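Dropping the structures in below, format is structure tokens.
Shared between the two complexes below is chain A, which has chain B as its partner in the first and chain C in the second.
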Partner chain A sequence: MTKGLNRIFMTTLAFVLAGLWGLPFLYSVWTAFHEEKYSANFKWNAPITFENFAQAWNAAPFALYFLNTLILITIVIIANFILCTLVAYAFVRYKFRWAGLAFGLVMVQLLISPEILIVENYLTLSSIGLTDTIIGIALPYLNSAFGIFLLRQTFMTVPKSLDEAAQIEGAGAWRVLWNVYVPLAKPVYLAYGLVSISFHWNNFLWPLIVTNSPEVRPVTVGLSVFATVESGVEWSLVNAATLMTTAPLIIAFLIFQRQFVANFMRAGIK
Partner chain B sequence: MNKRLPLGLGFVLLVMPCSLLVAFTHYPAVRALINSLWNNASSRRPSKFVGIENYEALIADEKLMQVLTNSGLYALGTIPLAIFLSISMALLVNSKLPATGLMRLSFFMPTMLPLVAVANIWLFFYAPGIGLASQIMNFFGLPTINFLGSTETSLASMMVVAVWKEAGLFMIFYLAALQAVPENLKDAARLEGAGPVRVFIDVVFPLLRPTTIFVAVNALINAFRLVDHIIVMTKGGPDNSSALLLYYIYEVTFRQRDFAYGATLTVLMVAILGVLAAFQFWVLDRKTHYQ
Partner chain C sequence: MMRLKCASAMPLVLGALISGGAASVQAADLEFYFPVGVNAPAVATIEELTNKWAAQNPQHTVKAVYAGNYEETTTKALTAAQAGDPPQVAVLLSIDLFTLVEEDVILPISDIATTAEDQAWMDGFYPAFMSDSRFEGKTYSIPFQRSTPVLYFNKDAFRAAGLDPETPPKTWDEMIEMGKKLVVKDDNGNVTQWGTRIPTLGLGGAWLFGGLVVSKGDVLSTETGTEARFDTPATTAALEFLVQLSDEGVMQPGGISWGDTPKAFLEGQTASMWTSTGNLAFINENAEFDWGVGFLPGGDGPGAPLGGGNFYIFKETTDEEREAALDFIKFMTAPENAARWSIATGYVAPRPDTWETPEMKAYSEKLPQALVALDQLPYAYREFATFQRAKVTQYLVDAIESVVTGGSTAAEALAKAQEGADSVLSDYK
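Right, the complex of A and B next:
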């Protein structure tokens, strides 16, 4: 009997917590789909409208912002895949002097991430004339300690016998990397790619500092420029724009939910 | 064992990729240290060596003291709360209650949203009069609070936003750890007559320790690294009551254009993170091996 009561109590608690947790987001969704006059007074049967999304889309160059984010993410991910693979391969397969120290120095980036060093990185960027460019936003993120760490952990699980068998067949360093190590790390690449997309889609401070003109702004910066309520933009439009800029991520999450969760778990287990 | 790394290959595998990393991590850290010993150049005179002058300004800076207090409170407030909530969430989602899939979605959704979007959503939520927070308070006949506009509540309001954004991600890590707890350990405890609470405290929680350390390290780094919501929601105000260290660096450098002082603050930030890392490394080293 107490077991049944306990269960009812726990279920109620869980629903209340989950409900409260969802509330800010649901309220934002509700406002985005209704006319401005309803954002102050909630009516369950208020008519649903898509007008806010259309207005927000036309009020700022969001298509351009999306394109910029897409270019940025593509550059970063391709660079990350190549560069992190090379470094991880060197650490796993070869021995060299000061390897431990070198690895420690690489891992420093996990702690002192580029966000912390905005002042000097901005000076570097302006001295090579790359401020206000997409490549400038990407530059500090092209190589990543997290990616190197993840791939190193994966490469270490590759059986030495496979490596040796490939060498006996006459494969050189590059063939071994491409035909033995990389294929075995495929799920990690997928998982790391998903995390990277989410990270760079969300990144804000650095792009805010580096960019000046709408032509290179990613969506996060574009959204913040559009959604300054003091400038008189209506709440329903702000909420519509907010949802619009995050929709691709939410949809991707719903599709890849399983991989996402599995991958975040893997990152945690290390 | 492993082969020696040939020079040419080492250049391609290590030196070239890592030079990018060094250029945007180690080089700027060292350069911040150097620049903190020089003053700003102006149109009339070039930058000149001033020794520890910037650091003297640092110590005399009352605003900085408040910013550091805020950062400390922010870290101490958000990290334990996020850990407590994420463990609770993981336990609920991992239980045999109905609709756990929906719960997981609700808890994890904020993690997917960019912090800027989260900031917008909460800006609206907190908005006096129009936002849900004050509507709920009105409903219960409570006076309206200007959450972001008052010095007493602005920092706490930022903490709520940070916890809301982060807890779902940490829940996933705990979920993974919970699923790895061997069923027979729990069964043994139950056979000995332990109730669910005892089983959790004595069996499950100790096994979650590595996860807790991992989550705490991440939460700590995030507490210093993420200020997007501050920029969007309060701009550090009112009266600097919600300004965090990285936000202050941003403000000093890119709004007041004081790059020398920005570099000095960067050195302080790196030093704080270094000390915290050393401390955590020490804790980690001593306490994680007991499984």
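Right, the complex of A and C next:
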């Protein structure tokens, strides 16, 4: 009896929370497909229009921006996976002097907000001539303290006996990493990849500051053209542009949703 | 050959500028940072104008770089300048002057524009707009995208309340008196239409507050950049007026945000509002009622703040680049181009000669509301600006917000703001 009540309560709570969470999204879909005058005026028969999307698409070279964002994210994700894996592996598998201190230093990085480093990073990029390039935007993010931490914690949960068994079979360090550790950490890679992609998809200030040419700028820079505080915000236009720029992420999530959820369950992320 | 063709196609003033410049100027590659504060076609218009300049000056190139909003553009320009790689020319907030001077990254334009002709050109801007471009006797920047707030009112609502739709309130007393008549309530006693709406929150609120103070015959800051006048009879009166508006039931109590105000006006939730001229085009496009524009009602007389962005030339530039940058600024503020910019965006054109162009005349005939801001200019004063502006302004913002949301009295809050501002500014005196 209590169990049944509990279940009803939990389900209701879930729906309420989902509704609250989904409201802003529903609102943005509503305004994006209607004229500006319906943006706070909900009439069920308000005419649907695609005008906002056409207007938003033409306000900035979005096709180019999308391509740049894709290139940027590909570079960052590949570099992150390789570098974080190697660092985390070293921390877990090898006992070396100052290992604790070195790991502590990596952790300290988590406390530093990237905005503080903008000027220093710009100076570095400027001195090696990489401002206004996609690789320049990516450079400060090629490695990640958070990624190292996440993978180290995961690798530590891999039973030592698995590692030893592989060694007895004659596997070298690389082989152990590739055949034992990496497959077991797959859900973590997926989760980290997801977080990382959405972070870099949303990153704005740093790319804005280090780039000058539309040829290398990401979608967020195109999106910011609509945040016109001075002359009143046109929500229908802003939301059309926002939906457009986030669509690839939303679609990707819908497609891979089953896999994401399955992986999270298996990983038992608490 | 090319030059001849250009000159014949151009009006006299421009032709003289170009051939005058081209005689001595060597090739320069300019980078030009600009912010966008109004709706999207701004980027396309800026690019169109810069391309036009480049076409007329084939020896130079110019790259227009969109750099976000004002704050982001300043961050970007300062970051680049600190790395020794500044843009040659940028449009930044006029009130960022003191920050840029303190960082020592800009050059007084009056040091480059030294001829009698240049002087005449600089004298050709509205004095109000030039007032915040000077520091220690030098002119550091040239007005470009300037705005000022005005009173927007719903003529239909005025008619419905039995008021004359052609005479908006001019004083604070009239605002309260007429505002009471404009309030509409439903059967349950809930207000469906307020009398007015003056944004009081955030930087927008502080900007408008500057206008209230000017109308009481005082100013918030002076040309020195080291003085904040937060605790004066004028500021107290201004803040008390804002409280009175909601006490008398004319304005919605509590803080009022800048961003939602135009929408509230369009939807009839308020019969009038105070907001920037930058909204003219937006209101014109979306209003489904008869509307008008008037001066900001004042305490002792009219008064308004000024806002917006000016052209700056950066220090780390060669002589050729400086000369080209100056020529570029002259081009952008030349009558036809300033008119093009003003019509596309709603900014107030900063020179009288722009308003004489046929395009501008046609525009002001179609949208006579645009002229009100111009007539109000003689009563407008520079926006609050000091060294450490962001920090000092925050004291004012906090004071206004704490009073309108009902926490403290005007005198108390302003005294506290004054204390905070003085402690920051004492280092600069």
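By our rule, the second predicted complex is superposed on the first by the 199 of 270 C-alpha atoms of A that agree within 3 Å, B and C clash if a C-alpha of one lies under 4 Å from a C-alpha of the other, contacts with A are read in each partner's own complex, and residues count from 1 in each chain.
Everything that follows uses one rule, which is that a contact is a pair of C-beta atoms (placed from the backbone, for glycine too) under 8 Å apart; a residue touches a chain by one contact, two chains touch by 3 or more.
From a predicted model like this one, the values you see are computed outputs, not experimental measurements.
> Is the number of chain A residues in contact higher for chain B or for chain C?
Touching more of chain A: B.
> Which partner chains sit in contact with A:47 here, chain B, chain C, both or neither? Use first/second/both/neither.
neither
> Is A:224 touching anything from chain B or chain C once the two structures are fitted on A? First, second, both or neither.
Once the two structures are laid over each other on A, A:224 reaches both partners.
> Touch check for A:117: first (chain B), second (chain C), both, or neither?
So A:117 only meets chain B here.
> Looking at A:129 after the superposition, I want to know if it touches chain B, chain C, both of them or none. Which is it: first, second, both, neither?
After superposition on chain A, A:129 lies in contact with neither partner.
> Considering only the touch criterion stated at the top, classify A:212 as touching first (chain B), second (chain C), both, or neither.
A:212 sits against chain C, while chain B stays out of touch.
> Looking at A:245, would you say it contacts chain B, chain C, both, or neither? Reply first, second, both or neither.
first
> Quick one: is A:100 in contact with chain B, with chain C, with both, or with neither? Answer first, second, both or neither.
neither
> Output check: A:60 vs chain B and chain C. Expected answer is one of first, second, both, neither. What do you get?
second
> Following superposition on chain A, which residues of chain A contact chain B and also contact chain C?
On chain A, the residues that contact chain B in one structure and chain C in the other are 39-40, 118-119, 122-123, 204-205, 208-209, 224, 227, 229.
> Taking the complex as given, what residues does chain A use to touch chain B?
Answer in residue numbers: 7, 10-11, 13-15, 17-19, 21-25, 27-28, 31, 39-40, 42, 83-84, 86-87, 89-90, 93-96, 102, 105-106, 108-124, 139-140, 142-143, 145, 173, 198, 201-202, 204-205, 208-209, 219-220, 223-224, 227, 229, 235, 238-239, 242, 245-246, 249-250, 253, 261, 264-265, 268-270.
> Using the touch definition from the top, list the residues of chain C that touch chain A in their complex.
On the chain C side, the touching residues are 31, 36-44, 63, 65-69, 72, 75-76, 79-80, 82-85, 147, 258-259, 261-263, 266-267, 275-276, 278-279, 281-282, 286, 288, 346.
> Using the touch rule from the top, collect the residues of chain B that touch chain A in their complex.
That would be residues 1-5, 9-10, 12-14, 16-18, 20-29, 31-32, 35, 88-89, 92, 95, 97-99, 102-103, 106-110, 112-117, 120-125, 127, 129-130, 132, 135, 164, 169, 172-173, 175-177, 211, 214-215, 221, 224-228, 231-232, 246, 249-250, 253-254, 259, 262-263, 265-266, 269-270, 273-274, 277 of chain B.
> Could you list, by residue number, the parts of chain A that touch chain C in their complex?
36-37, 39-41, 55, 59-60, 118-119, 122-123, 126-127, 131, 204-205, 208-209, 212-213, 221, 224-234, 237
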